[in-house]
Structures are given as structure tokens and as C-alpha cells.
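Written out below as C-alpha cells is the structure these notes cover.
Which chain is which? They are A, B, C and D, in the order written, and residues in each are numbered from 1.
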Amino acid sequence: MPGLGTSFGRGGATTAQQDLANSDAILIMGSSMAENHPVGFQWVMAARERGATVIHVDPRFNRTSAMADLWVPLRAGSDIVFLGGLVRYAIEHGKVFRDYVVPYTNAAVLLKDELRDPEDLDGLFSGWDASELKYDPESWLYRGAAKKSAGGDVAGHEAEQGGHAKERGGHRDEGDQAQPEQPQERDDTLGHPRCVYQVTRRHFARYTSEMVERACGVPAAQFVRVAEAFCSASGPERTGAICYAVGWTQHSVGVQIIRTAAILQLLLGNVGRPGGGILALRGHASIQGSTDIPTLFDILPGYLSMPLFEKESDSLASYVRKYQTETGWWHNYDKYIVSLLKAWYGEEATAENEFGFGWLPRVDGDHSHQGYWLDMAAGKLEGLFVIGQNPAVGAPNGRLERKALAQLKWLVVRDLVEVETASFWYDSPEVERGELRPDEIATEVFLMPAAGHAEKDGTFTNTQRLLQWHEKAVDPPGDCRSETWFAYHLGRRLQERVRASKRRRDQPLQAMTWDYPVEGADREPVVEAVAREIHGRKPSDGELVSGFTELAADGSTACGCWIYSGLYAGGINRPRQRAARGAYAHGWGWAWPSDRRILYNRCSARPDGAPWSERKKLVWWDDAAGEWTGLDVVDFAKTKRPDYKPKPDAKGDDAIAGDQPFIMHPDGLGWIWVASGLKDGPLPTHYEPLESPVSNPLYGLQTNPAAQPKERPDNAYAPTGDPRYPHVLTTYRLTEHHTAGGMSRTLPHLAELQPELFAEISPELAAEAGIANGDWVTIATPRAMVEARALVTARMKPLVIDGRLVHQVGLPYHWGPRGIARGDVANDLVAISEEPNVRIMEAKALVCSLAPGRRPRGAGVLRQLEEIAAMRPRDETPLARQIAGEDSPPA
Amino acid sequence: MWDLIREWPLLRQLRDGGDGTGPEAMSARTRELQTKTAGAPVARSVCPYCAVGCGQLVHHRDGKLLAIEGDPESPISRGRLCPKGAASHQLLTHAGRLTKVKYRAPFATRWQEIPLEEAMDRIADRVWESRERTFEEERDGRVLMQCKGIAHLGGATLDNEENYLLKKLFTAGLGMTRLSNQARI
Amino acid sequence: MPRRPRDPRLPDAASEGRLDELRERAASAGVVDAPGVRPAGAPMPLANGVAGTAGDGNGASAASGYYGRPLLKEPTWTWEVPLYFFVGGAAGAAAVVGATARAMASDETDLVRDARWVAALGGALSAPLLISDLGRPERFLNMLRVWKPQSPMSVGAWTLTAFGSSAGAAAFADLVGRRAADGDSRLAVPVRVVGDAAGMLAAATGLVMTTYTGVLVGATTIPAWNRSVSVLPIHFAASGLGAAVSLLELLGHDHPALNRLGIAAALAEIGTGVVHELDGDPAHAPLKEGSSGALVRAGGVLSGPVPLLLRLFGARKAAAVAAIAGSLLTRYGWVAAGRISARDPSLPLGLQEPGHHSEGIETP
Amino acid sequence: MATTAFLTDSTLCIGCKACEVACKEWNEVPEDGLLFTGHSYDNTGALGASTWRHVKFVEQTPAIGCGGNDPALLSWQFSSDVCKHCENAGCLEACPTGAIVRTEFGGVFIQPDVCNGCGYCVVGCPFGVVDRREGDGRVFKCTFCYDRQLAGLQPACAKACPTQSILFGEIDEMRQRAEERLAELHARGMADAVLWDARDTSVGGTHAMFLLRGDPRAYNLPSAPEVPTVYQRDGWRAAAIAAGGLLLAAFGAFVAGGHD
């Protein structure tokens, strides 16, 4: 979550679900928390019953809206205008918590004179390279920051660099790009026209309530009610929290939407305080864990960067120099990468061979899901492992994704049931349409039964960074096995083959430590042994380290994931602990880092170390004891005095003053302004979704210039305002199902609750299109056509956008051709596209057509799509005229 | 026969009164009713669906799952579950659960079942062959050490330890860089 | 620089006029509750259809209840049950006729014998009919597990048991008695005594047999039934009596008493019929409308007016046939009416719009 | 032993259906049909032999600016329905086999090993709860988790409910909490909040009470449910008259003599 990472320093939710009960206002946006996190939502209900105001902003009135005090609909994809409006409201209506903002954020920092804002360049910041289609962020840097050194042959934003590394925030990842480091030029009066505060104020000056009404369709008066309600949850006595999910992230501006929320929370002084913060609601049991210990292409465990194919990777030293910061926590970068290499290559990792750094593969392209999938479609990949995911239903442009599978030599799918990804070769829509023929598909498919959560030991990391151990209750049935079993025994087999090899390519495999103890008839690796390796130990005597503070860069420590170092502190399996103590349930599971439940909680005390108020106290400075104390583990050096002032030459955490709470950042501040680390600007700017019914009401620039639409014939887009696709389409989940359905459509008790794909449409749209509740409707985009049952409901509201009526269509995406409850694949409608920072697709805001009746069978769908694609508004065919809206429809 | 008559609720009615709606009408089974989980061992677990992280109590006996319920002591969920969490017993026991390896040969039109060990051997072969074909140690004199032909997808539903071993094997061991999962942001 | 240049033709010129209206309404209301610009771009032909919504009039409200869904469950009874009502009713009445004949017209031995046999066979036929309707027939004995006077079904089960055995005994005694008469006469007297006793018991329980089914059906939640609870037992008893005497007549008996009883039954049926036709109770719609109404009415006509007239003109056999058919139709008609009645939530729910039918909605 | 009751507070219900699933999982109730109803998010439809908890979705027309918790406007209400476990239970009175019994907790329990599927309880229930299961032949409904209560556990539905919309406990305490909650909601300005508790009807009160917004009839909750035993008095009186009449007619017919 670079949105959070760049703003605060860590890419994780800043708070815990239970802490929502302490909020005075909760803004839920980009999420239907009651539907998708019902049990977590009990804490929102607790707050509501205590008198907190619950606000839900969502295109649909859904189960969360039904629990909220305030609901306003907005046009999917206009979130930054709405949130920018809140930022402006906070600034212009004196809602900013100055006593917090001045010391704890970079609001007072002065910026360079050459900086230009989208206000000046009609949507662009200064530094845009029109030929490379990317920014050079030099003009965004703090005033006085070092100039970019010569000879950096790598431009500021390598295409290779993925976004997850940005979750570190503030690290050097821009070539030799200098970083905002202390000291800076400041104006604590916030009056200087070039200080971050004033620049931000000017940037959002046109995000008025009238603009919100025009762009989002939210009546200005209603917007003001929301703004007043949320912005009042600020100051010493009150706090407000924001909850979001993929309703924010799955946009071509996803990271910047979250950034806007971060800016708002910083201005209101709501970060690091009880009842405040930003709660990212993740959708899978361990999705936080799968970025902490990433099965991702661009990062290594603990958000260390994968080495890129560039000169900085030629030596460990230059690689470290690129990512290590002079000041702030990332000064320890070398300790973490070396300890990781020691954990992976053990004995073979020595100072002489740079601890095996040279064995790590270098990233030389976009190897994200969508990036390599397009290579797969081009026949450039041979093999694919799909483990516990179902891209045939869950991924955008399913047609393209499924057809790409047929280009593989081999495919291994591991899951609890036969998911659509494994059966693509005989029962995918492409087979029905004759695009794929089983006897022409060369792909060798291995479908392997996986073990379930009660059939294996292990930890999940939940949405609030809490690691919880789940105990094995029974052996998995039949040939079902855990992934540790699969990885271990596959690795064992492969290591066998290279025992005697002298080839360079085999050295990493030879060196890889793979000596895990096994148990039971299935020879299941002992999971606790893996957990110990993740926690870290001293290779010399095998002793466990106490935590990441003990890690060293000299090879004397080995640690599989530095942020998880501590989960086995004292030889105790902390995630397995089940004795909750105190307000923040310490003793139940273990939260990274260092069991801190609320991040940046130094903010909960005033600069002088005293709580802002009795009501909102969390941690505070105990002068007698000479340490920080309170209800949570302080996210700060425990004995660093509030009045501590670093020496000029101080490095690392010593360079962070006693009143600078964001210790991961080189300047210890919360970043309203992100000088470096984001590809699409230091401040959030509204761009229309890649597909939109209207033109950008704020700038001449229609869409995010840095986003990658990956436009191609089989991934086509509708032009702005295309009359063939007049409605806004948004996708979402339902309580009764889980993501691509492999864990829900197959269960009778869940399938019966939501048995069919349906589309939620307003009575107004239904009347226009001649659709009755329960009818079949067909929804089309330039990529695909799906049929669904109409759920005509007044919970869907047509909105007036820029003067024209815009209808929105809601489509849950759980169904597929298999399972008990079956239906068309909604994600087939979505385009493959990449948000510039994390390469996420835009699934939450696109355009579609809607018509009564079922879609054609078989190849008819393709013919239909081609017909529509062939239509030019000026064509004179009757159908084209009707499509161009010039014909009145048959009565 | 005599037992049958002695069990006859009508006699109990005549003896102890009652209008036939109370204990006199209860069968032996009802009088001895117990929960299916009575006395069964319990494992402490975590819900496998979303990321709320609800605590679960897994009741099992003789290697069979009996029931999965919320863990009242969990400070996050307080014993409560959503419909998916409540269905997680069925998730592991439903009839459609896959328990054997299915194999599809190139151009084949149907699945065949193969033994687990054989599948593992064949997968190891495929990985080895593809790695041999697509591994690049250097490019323009600069280290690449990359296995270009194999990709991985998935992880957000897996345990941290599972992701750790997969990442370690795929990246540190095999040199794969094409790794991705549901976590996009 | 924008990825896709803006189409100069847009926004769609054809809709500008409509858009102006919308802008005005938008300015005031913020949301436009009337149809907006026709969504062009639907490649499929438009279907004619009236939009209903998940939350509109046919949704959930004090007027329609919960989406017009039935509140009550329909009777699960299969075809055997109404047939049992007929058989049991006729058998019970036959036992009464038999016993009175034995007592008051002792010379009519054949009539007594046949009446006893109609009762005995009816009783014997009733059990399998009821058992085959059970969801778990093998558990029919559980009917005698307890004695629950508060349950008409329990009363019926015990009554049927007593009636079946006594009626059977009476018929058997009659058989033995006749053998004894032209054989060993020492047995004749005790057999006659036992037979008469059994006959009396059969008659007593027979009275319950003919009437309790009215209570059974009436004391339920089904509006069409419970609103008639104080008529049904009389209606069913008359129906049973009509069937019983008619059966005996078809067996060749022409005792005038049977004719008088037939006339009495027909008169009673006319009475109950008139009562139903006259009341305006909406709950009774299923008794007058639709297929169930047709059945009930046909049954009523065939059990009342028709046999009465025929009997007045001396066509006793024809009257008998009509009465039996009428009695059968009546039973089926009432059960069918109960099913329809159960689907209408308006009465049990006390809706503002009674008669709100929802036969279209079949619960899954 | 204290008798217990459910108190279902629809102002806290998020419509997640956890109660439906938790019930089915614990009691091993089979799937009940894959029917898309178009009735808001309710594809369950009604209580029945294979549905012992049923979340109702009462949908009105929301207004921009008003969440569902707005006291002034009804927009989308959810309420989890269940067997009412009546004090005077029609099914219990109707059952001829003694398969249906009253437990020490006040619940109405169908003994699956006794029921022979006569179906008379089906027409005895004023709430359409109990029904015969196709393919099984017996009738089923909510057991009030008798087995769990015997073991000192609360029913599966109440335990699962994420927001404590389903409360379970000693009946008097539930009644008291209901009254307090109702007063609180009214104080918040939710004038349309009502407590459905059929105490003043022939049903004589239930072990399942419902706090609702709006007219209970929109939730298929009758304002004046009637236990069908109330019709028996009239029924048996009529039966006696009929029997007497029949007897008199018979005597009369024969008294009048035989063939002339």
C-alpha cells in the first residue's frame, strides 16, 4: 500500500479493527465493510451505538449504508474529487489540527520554486517527460535537497520498479535521486507560499462542494453535511477513522485516492491516535502477509527491493547504497538484506561472495500478474504455478487471461476444488465459443488437492498486521497437502539434481538452505521450524535473535523477514498466544512491528510527551521512568526523550528528533507532500477513469498520464462519452460469497444464499431500458458481454454528472462456469490496465451498455462484440443510428 | 417387547399424568440428548476467508472434523462469524472437495487420476526442463541469473510460512522473478 | 497527452433538450427521479416490460406483507386424506344406521348385516389410507404413543382404532351368528350379545368418526377452514350419512328409513351450503372461486338439491349415486380450498388490502 | 430451570445471514434450493423444513444523505426470523404422536426419532414455520438448539451473529432488555421502532421477540396470530350437535316404521 507507505512510512493499516470503537466519526469509502468484513464491522456498530457518526460514501446503497448515519452516493471513479473536497473543507473551514500538523507533518517544509502544479499545467506536475511518458520528480523535492548526481544512467522511474517497494516510503529508489533529509527549510507559520501547506491548499482550491456536485453527483449540501460530520472528529478530544478496501485501490489512480485520505487524516491529526487512523480492509486471510513475505515480483521479505537489472545491482554495496537512507529507520537496510541472504543461503553466504547477493535474480521488466500474463499470451512463458487463486474468474479480461493459459507448456493448479483456472481447457467460455478446442491445447495440467486451514499449522497475517497461528486439527484427506509440503518436496527433488553441478546457475539452488525437519506419515515439514527461520537466529550457535534491532550486516545474523523478527522472541510462538490483555489485546497473537497495535502512536502524545487529552491517551512519556509508556507498545525509541534533538551528523534513528513520530521516514514526519516515491505526482490529482462517460471537469488532462491501459485489440477501451457504453459499471463482492467463488460457490450453504449473477440497476434505468425486476439483462463492454438477472432497486440512484444524467450498474463478480451456483464471469468485462505505482487493474469504474434479454450463445457473443466494435457513430445503418441515440426506441 | 411397552409414553402419562407434550412424551434419545461435539478435542484456528482474522474453534474426533465455531476469546471476533466463516466446516468436508491429483496430458480431452508422488516427480521434471531452457545468467555482461520461463500466481490465501518457502524456492533457488498474488496494493 | 482524445461530438447532441430539464431538476433535487436520457448503445433490441423493483409496491410493506409471500404453509395432505374423510365418514354413519336398525327394526337382519359390513370395511380401509399419507408410514403405531384430547388428530387416531375393531367385531359376530343359527345353536345367544355390544360401541365411535374430521380441518390456521369450524362437523356428518344410506340403498336395501335419512342428509347439506353461499367472508373465496370452488359447489349440489329432488320423485338409486359422488367431491373440494387459502397472507396477516393473492409465488 | 428466549433486534442486523448458515452447519440442515427471487437480497424466501433461520430484507426507497440508521427514514431493514416457540404452540398441541414436546427451556422441540410425518402440525402453526421435508417425510423446524442449551451453550445462530442482533438469554431479561432498547430507540427519534411480542394473543407469548422498524406486517409478522386450538370449542360443540342430530334422525327414521 504505497499510498500509506509513502505518507506514513509503512504499507500497512495504521490501526486495529477494535480501535474503531474509540472513534467519534468513521468514514467508510471504497469499501462495503458490513458486507465484506461483517465481523470486523461489529466495532463500527459499537462506535455507532456509542454515538459516533458512521458515514458511508458509495455508488450503491448497500448493507453498509443501511447501518450508516449518513450515506451519499458518488460516481464510481470520482473519489479524489470527493476526498480532495474534504481536504479543502478542512483547510478552508479551520478544521486543521495545527498543533499536530506543524510538528508531526511536512506541512511547514518549503518546496522548490521551479515546482509547477496541475493548476499551472492543466493536469500535469512539472517534470513530465512526454517522450518517456513518466515524471522526473526533481522539481518535487524539498527546497535545498541535494541535486541529482550526474551519471545516473537509470532514469528516475524504472519501468521495472513495482510499487510494493514504495510501501517502505521515503527510501532511495530513484536511482541516485537525493531524498528529503533533515535539515529542511521550514515555515512553522505555514504562511510561506511555497510551504507544503500552502501548495496543497492551492492544489485543492478548485475541489469545492460545487465541483464535488459536478464531478461526483453528490448534491453540494449533502457533501457539506458529510464534510462537517467527519472534519469535526479532530483535535485533542476527538478522532475519526477511515476504512477503505479495493473500492479505492482498483482504479487507475488507486494509490492517489488513498494518499488523499492520508493527507486528510494528517491535517485532522487523526494518525497514530486512538479511534483514528486508516484501516485498509484486506480481502484474503493473509493478503497482508503475502506482501510482508511477498509472493510478488518486485520485493523481498520485509519490503526490501528485488535487485533490478541495472548497474546499482552490480554489487551488494551499490544496491544497499541505493536503498539505504542516511536518516530514519531505513538506515538499517544493509542489516536486513544481509540477514535475509544468510537465512536463504546459510553457510554459502559469506562476506567474500557478498552473501550470495549475486545469486538473486534481477528484475528486468514488468513481472507483475498482468505484465507477465501478456507475455504468456504471446507464448513467452512455459510453465505456471497457480496456488490458491483463480484468475480465470478473478482476474480482469478473463477471456484474454484464459486464452493465455492455452499458450503454456505446463500448468500446476493447487486448490481445494477444481477451479475454473484448472478446467479452462474443456469448460471455459472460450471452449463454448469455439475459440479454444481441447484437442488443440498442448498445455499439460496438474490439478493438485490442497490442505485446508484446519488441516495444517501456520500463521495468517490479518488486516491489522496481526499474525495468528492456526493449529492443525486433522490430517488432510486423500492426497491433499499443505503448500509447505509442496514447496519443500519440490525443492528437495530439484536440489537433488544440482548436488554435483558446477554451473553458475545451479549455485543458488545448491546453496539454498532446505534442511527442514519433517513429521508424520506425509513427511510434512515442521512449520515452527520455518517460523523460527523467519524470526531470525545467529548462525554461529543457532540461538534465536531477540528481534530486528539485533540484526547485523556482517553475516552474524540470519532472518527470513526482518519486520516479522520478534514473532518467536524468547523462543515463544507469539502468534499462537491466546491470552489477550489490556485495551489493545496484547498477548493475543503478535502484530508486526514489535507487537505495536497502533502505528505511529507517538502521535497520540503532544510534542512534549503528554497525552493530547485524557479521553484520547494511548502512549506517553514517563519522565520518572525515563521511557515511553501507555496502552500500546510505543512506535518509537522507547527511551528517546520528547525533547531529544539529534546532532547534525546523526544517522539513522538517532537523526530523528524526540517529537518526530514517523520514524520510517528520513525526516521523521508524516508526508502530506510525497516528494519522491510515487510515479503520478506528489499530491493526488483527479483524473477520470480510463473509461468514463464524461470529460475531466477539472483539467484538460483526461486520465492518469502515468497509468498503462495496455490497450490492444483484445483489451480495447471505449472512448470518453462513447454512446455505445453510456453507463458507469462497478464491480463488488457480496457477504455470501468469497472472491472468485472457489471457496463459496461450491458450498451448498453459501451457494443457495446468492445463487445467480445479478446486476443492480435503478428503477429509472430499468424503466428506460424496459427491464423488470428479475429479468435477464445483458451487459457489454468493449471486452466482453455477460448476462445477469436484473435486481431493480431504488438503492441505485442515477446521478447528475456535469449536467447529464449518469446511470450506474452494480455487478458482483463471484460467479463462473463451475460450482453449485453458476453464472457469467463479471471480470471478463474489465480491462487489463496498470495503475502506475502498483500495477492494479481498474475494476471499480468502467463503462458498459445494458439491454434486456440474454446474451447470444456460443460464438454469437463474439460476432455481437465485433458488430458493436465496428459501429462508428456516423455510420448510417439503423442499428448504428439507434446506438448513436438518434432513433427513438421501439415502443 | 416388554421394554417396548415399558417405554410406552401412554403408560407414563397414566402413571405420572401429563398431556403428552412434556417429558412423558420424550424418547430415550431425547432424554439422553448431547451435542455432537461433547468431549471432543478442540483446535484453535483462524478463519480462512477474509482478513478480519476471526478466531475459530475446530472440534474434531478420530481425525474427523465435527464442527467449526467462533472462538469467544478472540479480541477481534469475540466468538462471532460471518456466513462464510460459519460455513468453513462445510468448506473442508463438502462433497465437491478435491482429494486426488488430476492430470491432463497435452491435447487430452479428459482428466486422469495419477498418484501424488508421480505428479511431484513430473512437476519437478517440467520445472527443470523449463528452467534449463529459459535460464539466463548474464546479459550484456551484467548479472541477470533469471529463470524467464516460469511464473507463479497466488499467496493471499496461504500461510506466511507457505509463502516464505515458495518465495525462497522460486526466487532464491530457481531464479524466478515472475511472482504475483492477489495483493495488488 | 490524454490516452484517448475526447470525442468532439459529445455529449450526445440528440439529448441536449432533455438534459436541460434534467439540469433544472438536478439543481433543485440533486437527484433526478424521472427517466433521464435514453441509454443509447444497447446492441440488443429492447423488450417491452414494466419495471418493478426489489423495494416497490410488490415489495415488502404493510399493504402487501413480505413481498406477498404466503405466511402459512399449505397442508401436506395427499389424495388419501380426503378419500379417508369420505370412507371414514360413511363407515361411521353406517355403524349408526346399523345399530339403530338392530335396535328398532330387528327383523331387518340383512340391513343390519350390510350396515355392519359397510362400517367394518370402511374402518378397515381407513387405516391404510391414513398410513400411506404419512411421511414415515412405518411409524404409524406412534399414533398411539400418547393420548392427546387437545389434538383432533390424536382423538381421531384412537377413535378410528376403537371404531375399526368394534365395527369389525360386530360384522364378524354377525357372520358367526348366522353360521351358528343353522348349526350349533348354543353359540347363537352369546354371539348375538357380543355382536350387539360391539355394534353399539361401533355406533358410538361412529358418531365421532363422522364428525371429528370437521373439527380436525376446522381447528387449523387455514382461514378458509377455521372460519367454518362450527359448520364443518355438521356438513361432514350430513355428507357421511348421505353416503352411508346411499351405499346401503345401492346394495339393494329399500327400507323407507334409508330414504328418510337420505332426505334428511340432503336437507342438512342444503342448509350448510346456503350458509356458505350467503356469508361474504373473504376467507371463503377459495370455496367459491377457482377450481377448488367448483369442486366444493359441485359437491354441494350433488349432496343436497339433486338427491333431494330425485328422492322426492322416487329415483332413490340415482339419488344415492349423486349423494356418494357429492360426498366425495365435497371432501376433495375442501382440502383443495385449504391449499389455496394458505397461499393468501392477507387474512392471517391482517393486511390493508385483503384478498391480495400470491398464487404466482411458489416458495422454493 | 429458567426458560430462555431470542430477542432479535433488526436495528443491529447487517443482513449477513451468518445465523442462517451457522444454524444449518450445526444442525446439518440440507440446502434449500437455488432460487433467485429478486426480492432484495433474500433468496431464502421463508422458514421451512430446511430453513430454520431466515433473514428478511425489507427494502424501501433510500434518500441521498440518509443512512439506514437515520431515524427519520426507513430505507433497508434486515430481520432474522425464526420459530417463535409459542407459549401456546399450535404444532405442539396438534401433534398426535407426542413427537413434539416442550423442553425445560420453554422451547418447542420436534423429536426426529418419533415424528411420523402426519403433517397436522403444519396446518397448526400460525407462522408457517414447520413443514414436511421432501424426500425425508418428517417435519422439521428450529430446535431452539435443545442439545446446545442442555450443554449450557447458546443456540448456534445467536452465537454467530456478528453484531449481536440476535440476543439469547433468560426470557424475562430479554423482555426487559427489549423494553429498554425500545425506549432508547424512541429517544433517538426512531418513532417507528416497535417490539413484536405476541403476549396478548391466543399464542400467549413467544420465546422469540423482534425489535423492528415500521409495520411488522411488512416482515410477515402477524399482529394478531391465533393458535388454532381456539377453534376447537366451536368445533366440538358443532360435532356434538351433528352427532346428536344424526342419532335423532336415525331413530326418527326407523321409528316412523318400515314398509307400508
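Definition applied: contacts are C-beta pairs under 8 Å (C-beta built on N, C-alpha and C of every residue); 3 or more make two chains touch, one makes a residue touch a chain.
Predicted model only: the values in this text are computed from it and were never measured.
With centres computed from CA atoms alone, B is the chain lying nearest the middle of all the protein shown. Of the two interfaces, B-D and A-D, the higher number of touching C-beta pairs belongs to A-D. Separating the CA-averaged centres of chain A and chain C is a span of 64 Å.
Centre-to-centre spacing of chain B and chain D amounts to 35 Å, using the average Cα coordinate of each chain.
In whole angstrom, the spacing between the mean C-alpha positions of chain A and chain D is 46. The centroid of the Cα atoms in chain B and the matching centroid in chain C are 51 Å apart. Counting only residues that touch two or more partner chains, chain B has 9, 20-21, 24-25, 68, 77, 80-85, 87, 90.
Contacts with at least two other chains are made by residues 30-31, 54-55, 145-146, 148, 150-151, 154 of chain C. Among all residues of chain A, those that touch two or more other chains are 38-39, 42, 218-219, 221-222, 735-736, 748-750, 753, 773-774, 791, 793-795, 797, 820. Contact residues of chain C toward chain B in the complex are 144-148, 150-151, 154.
For chain D in complex with chain B, the residues that touch the partner chain are 16-18, 20-22, 25-26, 92-93, 95, 98-102, 109, 111, 113-114, 146-148, 150-151, 153, 156, 159-162. By the touch criterion stated above, chain A contacts chain D in their complex at residues 34-35, 38-39, 41-42, 45, 48, 54-56, 61, 63, 65-73, 218-219, 221-222, 225, 734-736, 748-756, 758, 773-774, 789-791, 793-795, 797, 820-821. Partner chain A is touched in their complex by these residues of chain D: 12, 14-18, 20-21, 24-25, 30-38, 40-41, 43-44, 59-62, 64-70, 75-78, 162-164. Considering their complex, residues 9, 20-27, 29-30, 33-36, 38, 67-70, 77, 79-87, 89-90 of chain B touch chain D.
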